[in-house]
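Look at the two complexes coming up: chain A is in both, with chain B in one and chain C in the other.
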Partner chain A sequence: MDNARPELETDDLHQLRWALGNVLAMLSASCGLFLDLDVVPWVLAVLVVGVTVCRWPTLPGWIPSWGHRLAFPLIVVAVTVDFYGGTDTLTALVRVQLLLLTYRIISYRKRRDDLQVVLLGLFLVVLTGVMTLSLAFAVQLFVFTGCALALLLVTTLADVTRGVNGTADTVAAGAGHRSAPAWAAELRWGRLLRRLRSAVDWRIVALAVGLFGGVVAVTAMLFTAIPRFELGRSFFLDQLITKKTRTGFSESIQFGDVTRIQEDTSVAFTVDGASPDRLPGVPYWRMVVLDEHRDGGFRSSAGLRAELARRSWQRRAAVEGGVTGLKGSRERWTFYLEPGISRYLPLTGAYRELRFNRPMNFQQNIPLRMVALANDPSELVGFEITGMESSAILPDAVQAERTREAAEAAGLGYWRVAASAEDRARLKRWVNEIQDGDDLTAEAFAQRAARWLAARHRYGLESELPAGSGDAVVRWLEGRGPGHCELFAAGFALLARTAGHPARLVTGFKGGSWNEFSGSLIVRNSMAHAWCELWDGSGAWIRVDPTPGAYAVGDPDPELAAAQQRSRTIDGGWGARLDGLRVFWYRRVVNFDQAAQLELVEDVRGGVRLWLERGRTWLKGVSDDAMAWVKRPRSAEQWRLVLIFFVALSLSLWAGLRWGEPALWWLVARLRGRGRRGQAAVRREAARWLRRLPPGRGVAGEVSRVRAELEALRFGRPVERDAARHIFVRARQAVRGARWHRP
Partner chain B sequence: MSDFVSAPAMADARSAFARLHEGMARTIRGKDEVIERVLVCLAAGGHVLIEDLPGVGKTTLAYSLARSMDCAFSRIQFTSDLLPSDVIGVAIYDEARREFVFRRGPVFANVVLADEINRATPKTQSALLEVMDRARVSVDGETHEVGRPFMVFATQNPVDYEGTFPLPESQMDRFLMRIHIGYPEPKDEREILRGGQSSYDAIQLNPVVQHDDIVRLQALTKEVFVEDSVLDYLLALVVATRTEADFKAGVSVRGGLALKTAAQARALLRGRDFVLPEDVFTLLEPVFAHRLSLTRSGGDALEERRAVAATLRRIVAAVRLPE
Partner chain C sequence: MPTSRPLTFSDAETWAGPGAGRDAAGPGRWVTLFWALIYPPRGERVAPTTSGVVLISLAIGVGTAAYNTANNILFLTLALLLSCLVLSGVLSWMNLQRITWRVRTERALRAGRTTTLGLEVRNGKRLLPTYGLAFEMQAGGEKAPRVPLALTSRLDPAGGETCLEWEWRPERRGESTIVLVRVSSLFPFGFLKKSYPGRLTRRVWAWPATVVYERHPLLAPARRTAGETLARVGQSDDLLALRRYASGDSPRLIHWKASARTGEWLVRQYAAEAEQGLSLVVDADALRWPRPEQLELMLSLAATLAEDLFREGRLAWVEVVPEPARRVRRVTDLEAVLDQLARIAPGGETRPERPTGQRPATTGPGQHRVSFVPEGNRGVGAYLDGQRAARA
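Take a look at the complex of A and B:
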């Protein structure tokens, strides 16, 4: 009787190897989508080619032999042109990888070619990991590793089978596919899947998955145990990339830049470690200050950039941020700024200390409350800030001591309105309308101007500037059309400056949603915002947000602040869970330095001690109660009850030892709902032993006898487990014996 | 049906089969598998259609079984002018008793050899087939039981079809098995030649089993246990013949029952009180092949039989065995 599971044939293995190789190539090529490089069309091309070739596996057979001979010279030429054509090094390197992967997809790979696919893929995955340090990297590496292991296993099996059955790379007959091997010509995915399903022992697959999971778990444990090292710094890859960040958060913006970002709901940065009741209800995350009005837009003036550059730090991990003394918060917030957002860090105000997770090159200006990294970061940036203020009033001692002339001489553009005489006249007319003959303070002017703007314009992302000549913002102010935050902020700044109040634009983010799964604040690109800061004339900048709906001048009153805190958006659902996972990744992988490592170890130790202590207390309590119960005086009746109890207990123990196991088996069989008294289990076990003891193995007579008995258990009348046990013991012995008597 | 076949009953059955096998093997040399299949038919209470060339031992096989069992044996040579009354008997008027008396035909025996059954007219064939089905004969309103056990060995020549009346498929269904004897191996044929035995009448065999024992064995066969998964396997094979495009029609319910009974008989023959999947697939071809015909028949009977057998083997390979 042949009970053996059908085996995969050599052609099946080759088909499987081909499929896995192509999947691996496409998977690793898709890493390019996560890199902020100019390779997206290339990646899409690889995916299209991969899918096409999988659909029609004989297509590579049409490539003539001279095509293969010319492939590598052509790739070398393409790479050389790419390198010397102005493409940055990393982009060119990734393109080479993609070209090589494409070539491997469209050719029938031999064993060494499969290994090459694994190595090329590994390079792309690791590169993505180093460049982004994102959660996607972990997922891709996980999938890639499983897929690569499967490919190597199948490649080895195919190689061994070819050794047994002769070469399998026979060319299929017929002119339809000129040099396609027979296995490619016969590849039908449905058939292959059915063959796999019937041939694969799912218990082995489950075991392999379990082992793989074990390896991942051990790796994770080792990761938490080994000393930290800087993965990103260990390569020089970040120096090969010239990263461009979003234009909305650079020194120069055009109207609409910030609004464009608002269409993107992906995470911009995460604030971890903040308690929700200490966070302002609507935090304003300042990133870039824009002071110079020029060419219809705002930008950071040369003077402001020079002020920022005055305090440049090289390879510095921590700096103070202007807050000293005993007052103020000491709360520590950890920021994870996603790659591609900006080189300017999001800050709500001054702070006690800023600490990066590694030494960095950056510029810092405390009065401006700005910190700018030396380069646009191509990877995630993690930093901690202690005791950060979030007030809308930003004292600026430097500005207070400076006269307008001195400031203008220094290149600062807080007063300047770069508009024509006509535009200035219009602005003046509107300012007069706002002031209505009153001599207003800066704050009073801000209130009125913001109301004036809100009365003339409604908020809308679909803003269109009226046609005509002159300054764009003035044209918008003149019209009555809708506007977005940038136009409101710019319009307000021009009005304030015309009224004689120094004003500047600030771009960054406003608000954030609370993720309860991770206990962190998530700030998304859609929260990008622009607002103004107005000089109060006596030493501080007042935050003014003239955009309708967000209208605010200075700090909100305490009741409003509390209401804003209560009404903060709470993230839920699977998206929030994913964000929570991302934060976990940042905490435990990206920002997992030695301090965090020690903290984790301390936490674990503390937890173990706590539980031990609780256990000891519980045991002591139980023993004390028992002793008190024993010492309590009793009547003869009570002693008799105690005696009965102990006798009953002893009898129960004895019965359990005597019949416990059969009863357990009976219970298991009952719970499984199969058969009476585990008969189905006996049949299954007999079948298992029959598979392990095929005829022709071991000592012939003994094996035949045991097999006959097992067959009787499997196919005969139902037998209880007790009766079958000795047969299983003999089966085990026969299997062991068979190992020493192989035919 | 009792829960268990008792060990002594099993031992008796095994011993009886062994004796029968040994006795028959002395006259039919080198054909252990054929003998086993004949014994399976006997235990299952079925009839055998032997399809082979003349002179390969068909009559000897039937005669040796009859002699080994202490049973009545009769042979009917079927020809085109044979009448049903020549087979089942006829009622004749007895002058002395002044009444019609039924005179039994050759079918009243335990083992009946219907030689070249396809040479008789369909009317005569159906008379025999009725007896095979019901194990009794009805003449003039009276029912006459034939012997117990009752087993028909029908033979036909697969090559010479001139002037024959092929059995229709519905009647082929009445035979439990169709078996081929085939030429013996050279070493066995040398032994036959050395023996010089030319006629089955010359066979000297002593009865080793009483015919009551055979009846008991047939009753015992029905008690052999068939586990659910084996029954499912058997059913899957039956269903596969019905969905197979090569066959005109699949196996009937009677065919499925026949395979089950045959598998039970084989298990008993091998000393088991339970059926293995092996019993089922081993007997699939002899039990099913004569019940099936090809959608595209080429006209050559031998070729068609080979094609049917090949398709059945493919079905066996495709249907998953119970583990």
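Take a look at the complex of A and C:
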């Protein structure tokens, strides 16, 4: 019988509330694992404590009352020590949250404590979302919401019954626990799950799932409908932590940094809105220019950093990027740079306009084609670039007008080889070997040097450096061992500078895979690369990629470029779907701003207008057809049929509106009432209840009334099951009452 | 002044609530609902609880931060908080849908005597159970204390019923109202307290209270008049009817012939012996009873006396002036008399004094009349044919 579902007792509700609260606390604490903060041991401690307490729910009862009194003072002391001990403010804040959650896990909670768990958890989840902007946040938020709503629902139900039974405060006497409530002492997870399963109607569960889907839908609607206007645009959370870049794309790199990045296959940035036909087959995403050779590595010289800092923007959302005029692309690419990659933006060349999704502090140098944010971003950075060039030839008017002396006086290191005399001699010997006595142009030298390097070294992530002293790159050049892109690029730069050609190292990313699900280019950390730019002596830097397997100098010819486009990697499978979902998240949620909202409104308005226009056209067609049909000559018999038809139609409509729903339910009841669940089943059930409720038991008046109704069901006229249901409910209540009134 | 409205309890069967009558499902239901969202019905209130205030404050804080930072994560959180509030409202509305309630009382309420009242609640929804309703009852007037009742168990769908009981003692005789002032619910999340006007007022009548009175020998049972019997079971010699034998019946009562004829044991029932009955005359004229408390005492004495005399089988007639006298044969007659006494309003209109010794036309011949007279400022005396027979 449907109504025979047992009801959860007060103790069951308290046990369920306890379980949900602990799950919620652990779920929100686990968000700390996604934060780039030093809280992982704390999170693990919360999880261990949570699991332990769930396994032995009476453990909190052993905490003495003075322990509870001292809890908050101790937490305050711990936080103060942590805060003044040099920890980041945000890290200290998260640790406080975790401590409070731990305390709530190991104590028996009341309603307000459950509310506190919800608030603490929400803070952690939102903080994680704000700091990471990742797609995982959406999942966390909605799972958290589901758990929190379930917790609040159970808490409300438990509170309703607690007022009557008062079991929340009862203490298990003689159970060996100091102050564990009875429900905790009796908690058996298997039994609770079985009771829960028997008490819950699957239709209610389906309805709950549907309602939660409705919540998600309403959230999406509200999210897009909330008007966007920014009051201050001062984001505070990212100022509470010490910034550090996880990758090697900084002003100073050591050999191996880029190679280490290549071992990471996660997404570095996504380019959305680019047409696959206009994207170069193998794009080079420039991020950092390194000009100074020093201490066996390359770094950005003080002069280059000064040039970059010369054009600093404060709280600016858009700048021009050196491309003007009518020629060139006007395609707009949207970049989503993952947090922790670099403060340097990936660019393929000059551009018309760069626009951030919010005002930023940054530095920009147009001749260098570099843009650097003021700080390493700990959150996703979204920006749009319009009309970006992707040529391998980078004109530089500033450099063209500058002499070597002036450049060196400015601190630029395009010519400098910081090596010993012995190493310089070796480099000179190899340059002579490359030039072979010819007076080569920069481009010709680059071609020969690249071939020379490829003939002596093969590519490999594991490089082999001959033992000995001296510059590491020179030692690598001297040997025949494999090397990675940094060594090839650095070796080429040293050879070019020895030959008298200004050269610089560039780090960034090369290539990208096309995601068909999202229609965007995904660039992963494994695509990190280093290459060179060589001054051609006449006003431009030429890209030279000496790493074997890449096109060496300048732009590839059109046929090769087309072939590269065709052979671009296409992402497929579930990983690509996930990447597509991530792009959707960035595009529609993270990067949703006032312009996007207006665009959406325009789209909706256009769509509505289109549908209205279609509807109007359809109505006009229908009315025209109807008028033509009416005007058609008919006999009196035909008119009578028409009249009958319309009267019948009107009556049907009226009857449908008036009795449609009841008739539908009647039909459903009839269909459900057939066979075993039909009238015979109602009579059998009535007989069962009559046997369980003999006269003379319970409250006399009520029992006799229920018995009379049951006898009417048993022997009287047929009654639908739905109509009989409430009688069975009363019979059950009478049986229960009879137990209480048993003499 | 006594009302002319017949005292019935038909409104006891009236169901009220969202699922009753016009509010129940019908063609205009969705239109009504939509209109109710724009213009809430009178009396319906939604008030945030402490949790709700925290949630709303949180939403305001998150919204402020979202606008301050233009961070879409915060906008998403804000949207989620708001939609949770919407969900809370929807579930609360669903919880109250098709719920009906009615008040159940005992047939007879008596001033000064505690009685058990019941609030029957029925869930008319097809699928969804109902949880956590709180009812606020008020019995005995607007100044009476309100009694909270709570639905602590699940109310199953498709006609699930429960009865919430509480005790009430009518303080005074006459008409009282039992009002379901408000129905409220914290369901589902405890953010909002939704209140729904009960729209249920039950009028009940309380009979006069019983009083302790001093009874004089004059009211002792009188000598029976031979030969007169009543049409009720008694101990006279007149056969009234035959009935089946029951355990404890005297074998001397067995009607042997009828038993032999029918094949089962039948015993004789004799009619009750008639005695010279008493006629109670209750005149609540304002001139005679200027003090309300004295009037109440008189009515209580009359009611108590009527019950006692009926129990002794000596009450024949009761006349509540100016209504015609009523013959009292059965319990229902006595209840009707008590209802009449309950309906007498204090300070009613005055009537010309009936000449002394004139009997009402409806009383039987030879009836002894018991009338009530004020004694002093507080007492009441009952006089049998002009002689004091009882005093309260």
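The rule we apply is simple: the second predicted complex is superposed on the first by the 563 of 743 C-alpha atoms of A that agree within 3 Å, B and C clash if a C-alpha of one lies under 4 Å from a C-alpha of the other, contacts with A are read in each partner's own complex, and residues count from 1 in each chain.
Here is the rule we go by: contacts are C-beta pairs under 8 Å (C-beta built on N, C-alpha and C of every residue); 3 or more make two chains touch, one makes a residue touch a chain.
All values reported here derive from a predicted model rather than from experimental measurement.
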Answer with first, second, both or neither: which of chain B and chain C does A:L152 touch in the superposed model? second
In the overlay, answer first, second, both or neither for which of chain B and chain C A:R725 touches. second
Residue contacts with chain A in the superposition, chain B compared against chain C: C
Quick one: classify A:G716 as touching chain B (first), chain C (second), both or neither. first
Identify the partner contact of A:R203: answer first if only chain B is touched, second if only chain C is, both if each is, neither if none is. second
I'd like to know which partner A:T569 touches here: chain B for first, chain C for second, both or neither. neither
On chain A, what residues does chain B touch that chain C touches as well? 2-3
For chain C, which residues are in contact with chain A within the complex? 25, 27, 50-51, 54, 58, 62, 67-80, 82-84, 86-87, 90-91, 122, 126-129, 131-132, 150-154, 156, 158-162, 186-191
Note which residues of chain B are touching chain A in the complex, please. 3-4, 225, 227, 229-230, 272-278, 321-323
Of all residues in chain A, those that touch chain B in their complex: 1-3, 683, 687, 690-691, 711-712, 714-717
Chain C-facing residues of chain A, complex: 2-3, 5, 7, 111-112, 115, 119, 122, 126, 129-130, 133, 137-138, 141-142, 145, 149, 152-153, 155-157, 159-161, 163-164, 203-204, 207, 211, 214-215, 218-220, 222-223, 226, 228-236, 357-358, 589-593, 657-658, 661, 665, 722-723, 725-727, 729-730, 733
